[in-house]
Amino acid sequence: MSPSIHPSADVQSSNLGNGTRIWQYVVVLPNAVIGQDCNICSNCLIENDVIVGDRVTVKSGVQLWDGLRIGDDVFIGPNVTFTNDKFPRSKHYPETCSLTEIDPGASIGANATILPGIRIGRQAMVGAGSVVTRSVPPNAIVVGNPARIVGYVDAEAGAPSGAKDSASALVQSDPRLHQLPKVADIRGSLTVGEFERSIPFLAKRYFMVFDVPSVETRGEHAHRECHQFLICVNGQVSVVADDGRTRREFLLDRPDIGLHLPPLTWGIQYKYSADAVLLVFASHYYNNADYIRDYDEFRKIVGASV
Amino acid sequence: MSPSIHPSADVQSSNLGNGTRIWQYVVVLPNAVIGQDCNICSNCLIENDVIVGDRVTVKSGVQLWDGLRIGDDVFIGPNVTFTNDKFPRSKHYPETCSLTEIDPGASIGANATILPGIRIGRQAMVGAGSVVTRSVPPNAIVVGNPARIVGYVDAEAGAPSGAKDSASALVQSDPRLHQLPKVADIRGSLTVGEFERSIPFLAKRYFMVFDVPSVETRGEHAHRECHQFLICVNGQVSVVADDGRTRREFLLDRPDIGLHLPPLTWGIQYKYSADAVLLVFASHYYNNADYIRDYDEFRKIVGASV
Amino acid sequence: MSPSIHPSADVQSSNLGNGTRIWQYVVVLPNAVIGQDCNICSNCLIENDVIVGDRVTVKSGVQLWDGLRIGDDVFIGPNVTFTNDKFPRSKHYPETCSLTEIDPGASIGANATILPGIRIGRQAMVGAGSVVTRSVPPNAIVVGNPARIVGYVDAEAGAPSGAKDSASALVQSDPRLHQLPKVADIRGSLTVGEFERSIPFLAKRYFMVFDVPSVETRGEHAHRECHQFLICVNGQVSVVADDGRTRREFLLDRPDIGLHLPPLTWGIQYKYSADAVLLVFASHYYNNADYIRDYDEFRKIVGASV
Amino acid sequence: MSPSIHPSADVQSSNLGNGTRIWQYVVVLPNAVIGQDCNICSNCLIENDVIVGDRVTVKSGVQLWDGLRIGDDVFIGPNVTFTNDKFPRSKHYPETCSLTEIDPGASIGANATILPGIRIGRQAMVGAGSVVTRSVPPNAIVVGNPARIVGYVDAEAGAPSGAKDSASALVQSDPRLHQLPKVADIRGSLTVGEFERSIPFLAKRYFMVFDVPSVETRGEHAHRECHQFLICVNGQVSVVADDGRTRREFLLDRPDIGLHLPPLTWGIQYKYSADAVLLVFASHYYNNADYIRDYDEFRKIVGASV
Amino acid sequence: MSPSIHPSADVQSSNLGNGTRIWQYVVVLPNAVIGQDCNICSNCLIENDVIVGDRVTVKSGVQLWDGLRIGDDVFIGPNVTFTNDKFPRSKHYPETCSLTEIDPGASIGANATILPGIRIGRQAMVGAGSVVTRSVPPNAIVVGNPARIVGYVDAEAGAPSGAKDSASALVQSDPRLHQLPKVADIRGSLTVGEFERSIPFLAKRYFMVFDVPSVETRGEHAHRECHQFLICVNGQVSVVADDGRTRREFLLDRPDIGLHLPPLTWGIQYKYSADAVLLVFASHYYNNADYIRDYDEFRKIVGASV
Amino acid sequence: MSPSIHPSADVQSSNLGNGTRIWQYVVVLPNAVIGQDCNICSNCLIENDVIVGDRVTVKSGVQLWDGLRIGDDVFIGPNVTFTNDKFPRSKHYPETCSLTEIDPGASIGANATILPGIRIGRQAMVGAGSVVTRSVPPNAIVVGNPARIVGYVDAEAGAPSGAKDSASALVQSDPRLHQLPKVADIRGSLTVGEFERSIPFLAKRYFMVFDVPSVETRGEHAHRECHQFLICVNGQVSVVADDGRTRREFLLDRPDIGLHLPPLTWGIQYKYSADAVLLVFASHYYNNADYIRDYDEFRKIVGASV
């Protein structure tokens, strides 16, 4: 099925995929590239240096400016507004446009504003009316002005254990909460951990994270061989553990609860309280080669379809 | 006078009332219903499952999606953005659209965003640029992202007494502030109320409201026979008393100030401080039949035109 | 048995009761009056305008200055120090001494300091090393510098009900805690009381007490006929209910807990938190004749031996 | 070069300057006045009582309502939304439109909302997605809902001294931070200033500014002859010193740091903390004639091109 | 060397070690055991069930009650008061006395009170006037009521250092409060002072005092020629102005109130709030010779009898 | 009128002024000097190096120690206790007594305690039961423990290292603070420790201590072989490290500071802030035999004389 173009539209490009529909009063400039089965609603504008994937929906009142890269299956709500110049002045043109990337499956709510040079991750969801001033990680849900992460798509609350439900290309094991002993008496409280006993490995290293602004997300990587054991010794923090297919979210808020993140687990820490101090024990000294920092690469390694 | 349609518009519906004008580059789908004397400005889109009342103004850049119900005399500012899917994904369509209702006389400010499934009450006013995430009660003014109630339309600040200015179908009397005695000495302060003396009725019942999130509005009903006497014993709260025609707003912030709400007064409590405790004495035991919970019904009962 | 006086003592008074013993290096001036079976330990001084009851113990190092009145069965610890001039200057003598009264059965701990013009109530207990700057009510326990009430002698923690254990000359019923309904939802919390239903009488009057300095004790009286129902609607307060024989202490710290104090109950409120607001419903209008303000009179009325 | 108008546009005005381009689906009403070399992108609307200067860019999806005055070189981002009625109701028209002025060189970010009756100053920059509810001073940067000043265009952080880099028509000298002595011991801290010694002039006058709401900007003027010396004795405040060409920003947050503002310096104070107290010494008594309150006049006096 | 007993003492025990001295008016009961080289000063009492080690010093006015065990080398200050019954009542004797142990080398400061059943560790030091309610560990230093650990014996800590001079003829004038103008509007508040106009002299110098611990008193001197003008620009402070005969106290708590202290006024500042910032203008540069730092000298200079 | 001395008194001095009276059981040593018209009540003691002015009143139970200078017209209440040695130890005599001066006209309330080396100014007034730890300025009124100035009479309302200094029987090494790396960026702060690298041993175990009441002391033991590494990850705590001879105190208040306590160090933790969390790494699993819990035993093991 060839593309369908409403007669009132001004479409100057011929790079339109099959099944794509262009509605009333839309302008498309000559070099724009639009995939298959897209739907571009009335009163939109698409400039030249724009690439749009397959099965993308663009609702009315949206402009796609030079520098935009829209992945497959993206939803763009009505009156969503993109930008490509951080400090615009009339008749001053930046030498190169800021690149803005919307990864596959993402959804941008109605009337949201997207600042230039931002990447919105796979399956992420931007709430209606939000003003997005920083990149959004895969699967995150953001809302507000400025937009903040308020959750992750489909993350279930983590329970103490949980049966492993899928086999993968590599050996992955489950993240697991550990209840450490706690002794309280009139002199205060005490909790103890013994390495290779109550903690499932010998620590070569610890690190502590603190003074984290509440908006921050940390972690966002996986390890190939290193085990980690996380304890929130003050305040609280939420940890999302993702095996490439599903996500589980754990709240750490007591010094006698530890979370074991085995290798090949994509870990995210967020919703830090102002007074949070996160203590992490690691089974290896620091080795940059042990980190997997790209989510798509991670999904490949663990055998999840990309 | 028959409807007037600009030649550049693409109007596919014939359900347009007399005196209605459709401007440049507007799209109207075949099943849309639009009342009389409306004004639909340039670059708008109106889908099929949409009903618009009489004398409605829709400024430029607005889309009315399936599921919208617009009452008479509504104003919709430029680039206001509606939605009908809470978690939109491209090519996934909800089985049924969320219904969004804009009641008669409401006004939605420029570039506001309205989330799906919301009702905006009669005469309510949404500030420009607001993101409305919850329903808005009649006469309320909301602003911000997310939008919060900041006042009520035409509410005057309540003074100690005030002459009654309008006769009604039923006997209505005025809400009135009472200054109760307060005695302070080195042991602290004490305030006293005597029923049927300083308080104009005998109490059969009291209730207390506390731990109210600051965003909340409570009350929003009238009684047929029951008198109420409100004292904010800690923190502060604002009370709007509405006789169906005009509204007066009272700030309660001291344990020795009481507000008498006679029957047939529509009462609203809002702007609770975090530590507010509101004590209410009632002249009757609880009786569900004594409540009038619908504002339109209330206006009918007190003889205000609807 | 006639009084026994150590030969090293200098006793100039002949007003000594039978069985009283005076030890080494004690001075007693001519007009002092001392009861029976007292024990005055070494190195004490007793001036002229002093009256000491029966069975009083005065440990070593204590001076009883002009103006002191010591009831029966009082214990005065070692080095306890009394005063009779608030702003002493050498060679300036006050026209009249401040009167200091220690009521029967009271106990003053070692090395305590008692400021002038103070009354220490029946059975009250002053902690060792305390500096007492204000009068102490009956049965109260005070400690610190300055001394604060920290409890009441023999007060048990009040439980929801409790069987009445002694018959008295008049009909007394027990104080009782009532759990009132509480409904909490996203809009906040609500608690309700209905007079003559969940509250065991019809209220003619309410009063509220607030802004009470933490050191203060209020109440300290009983009613002949009036019922009271106490609710601490903000903060917390402790209530001691005394039937003339035993005391029970109740902590009020929630708006949905009420304490019914029937007539002929001696009530004391203390340990007010800074933000406490105590709401009291009363079954009668104010009537001064209904108050019993003297603890000894109260004990007579309820048939407790004095 | 005469104006260029796309054939799909509906341009009813002939007041278009040379070099101006009007794109697809734009409506321009008959009395609108548009200057030279402007660019009006697709899907815009321009009403009658509108004046647009030269070299103005209006991106897609914007309406310019009656009452708008746009200066030269202004940039208006996509979907920016203007208003001209503070309390809009359908079919109620204000007698006169609120005038909204956008001064030369200003830039309004994508999807911003501008409330009626506002003036946006020369070179000011409104962040994308902002909701502007108050006028914006020259050179200010505002963001958020509601929009707040977060900085000034091109202001560098002030360092202790700094070489003067440009000659001007009049004798201007640099603002300069002074470190005053501070002595701290167990009794507290002390700082001292001596006029004509550590402070470069004799004070005839001081004033203090306090209780400033955090949103407020004060100052915004220059003096012809008067020197000022600013100390923030409590809390903190930021001071922008502008010589007509460049701006430097100083943070005052300690009682032992003073900022000398010589004459012919345009000074702005903002970002007051809630507890800020700003102490200012002045070398002259108050004289209204010494004030330069208009930024354009100031730039003329110091020889900066306007 | 056999024990030495003053003839005025009443020593009934023969268990006294060599070299021990008993002074005037001391009572020792028959079963007391006292070691060698002890010194029991005048007016003490030692009961029967008491064991005292060697080289113990007991200063005057102390009673050692049944149940006390005193180690070697212990120091017991004058009027120290021990106890052996936690809830003493006259004529009620505990079945067994609480045991109180004072370990070797400990030191109990003058007039301290020791509650029953306590152990005071080796070398521990109890501050004068303390009320000890809990056992004290070895080497600890405790002070206060109740006593708290404030350090350990011989633990080092840092300390700092202090200056003075004088002669003039005399004219004294009164200190005087000045109400300075205050202008408040929506942008905040402003207060102004003009030297030689609203402030009665020309300022050569200012200083500011801040971060003063609340217990501190500053000032405590007079000037011969220098005028001062004090403004509390944040928080509050009290100033006592003394002309050598009478004192007046001023509370400074607002930035628009100034206090003029003329020469030959003895000034004291105290009751600083935690956030107080006191700004002082002085009519002269700093000159040590202008200070009068001795109160008696000051009184002579101003002609007050000493 | 010559002095009057009660026959039971032991007055060895002849330096008594006319009109002075000495009462029962008073001791006056030979070199004491007492002025005219004084009154020394029963059971007092006056040592040699004491000078008392004229018209002084000393109530019962008071000792005037060497080093006291009492001005004219001073009032000393009953059981007031003076001192002349700041750190008294039995049989250790200071080379010179601290001088304590009570200036003319001062008044010291009953049972007050006066620390050594203090001057109490002219007309000052010390409240009953106060513990005076600092000099009192002229005219001041002080009360409490410790005594604080509450008014004026007649005022109207208006380090990181340290060389090891002693060799011991066993190999002891010094406790040492370690500065761990800290990296702070916009995402928060991070500190890292590597076992056997930045931390001088491999951890077999960690424990955390929290919720410690501020009054508590923990630790109070040494290890034979186990190393410990202490980090206060939140709040603050003080650690005393004692090698048996000297003590050093460390404040831990940052997550990037660690304290290494080698074996054979007696450690004490105290002064916990309310929010303190102390993390301890240990080089060995728990082994009770490794603990030395008795301080005397510890001192023997490390070769310190006991």
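As written, the chain order gives the labels A, B, C, D, E and F, with residue 1 at the start of each chain.
The rule is short, and it goes like this: contacts are C-beta pairs under 8 Å (C-beta built on N, C-alpha and C of every residue); 3 or more make two chains touch, one makes a residue touch a chain.
Model, not experiment: these values are computed from the prediction.
Peer 1: Looking at A-F, D-E or A-D, which one is a repeat of the C-E interface (more than half the contact pairs shared)?
Peer 2: Interface equivalent to C-E: A-D.
Peer 1: By how many degrees does subunit B turn when fitted onto subunit D using C-alpha atoms, rounded in steps of 5?
Peer 2: Rotating subunit B by 120 degrees superposes it on subunit D.
Peer 1: Just how far, in Å, is the C-alpha centre of subunit F from the one of subunit B?
Peer 2: Going by mean C-alpha positions, subunit B sits 67 Å from subunit F.
Peer 1: Using the average of all C-alpha atoms in each chain as its centre, how far is it in Å between subunit B and subunit C?
Peer 2: Chain centroid spacing, subunit B to subunit C, equals 56 Å.
Peer 1: What whole-Å value do you get for the distance between subunit E and subunit F if each is reduced to the mean of its CA atoms?
Peer 2: That pair's centroid distance is 12 Å.
Peer 1: Which residue numbers or ranges of subunit D touch two or more of the other chains?
Peer 2: Correct list: 8, 25, 43, 61, 79, 111, 145.
Peer 1: What is the complete set of touching chain pairs?
Peer 2: Touching chain pairs, listed by label, are A-B, A-D, A-F, B-C, B-D, C-E, C-F, D-E, E-F.
Peer 1: Which residues, counting only subunit D, touch subunit A once they are in their complex?
Peer 2: 8, 23-25, 37, 41-43, 55-57, 59-61, 73-75, 77-79, 105, 107, 109-111, 125, 128-130, 144-145
Peer 1: What does subunit D use to touch subunit B in their complex?
Peer 2: 8, 10, 25, 27, 43, 45, 61, 63, 65, 79, 81-83, 87-91, 111, 113, 115, 131, 145-146
Peer 1: Please give the residue numbers of subunit A that touch subunit F in the complex, ascending.
Peer 2: It comes out as residues 184, 186-195, 197, 202-213, 216, 218, 233-234, 255, 272, 275, 277, 279, 285-286.
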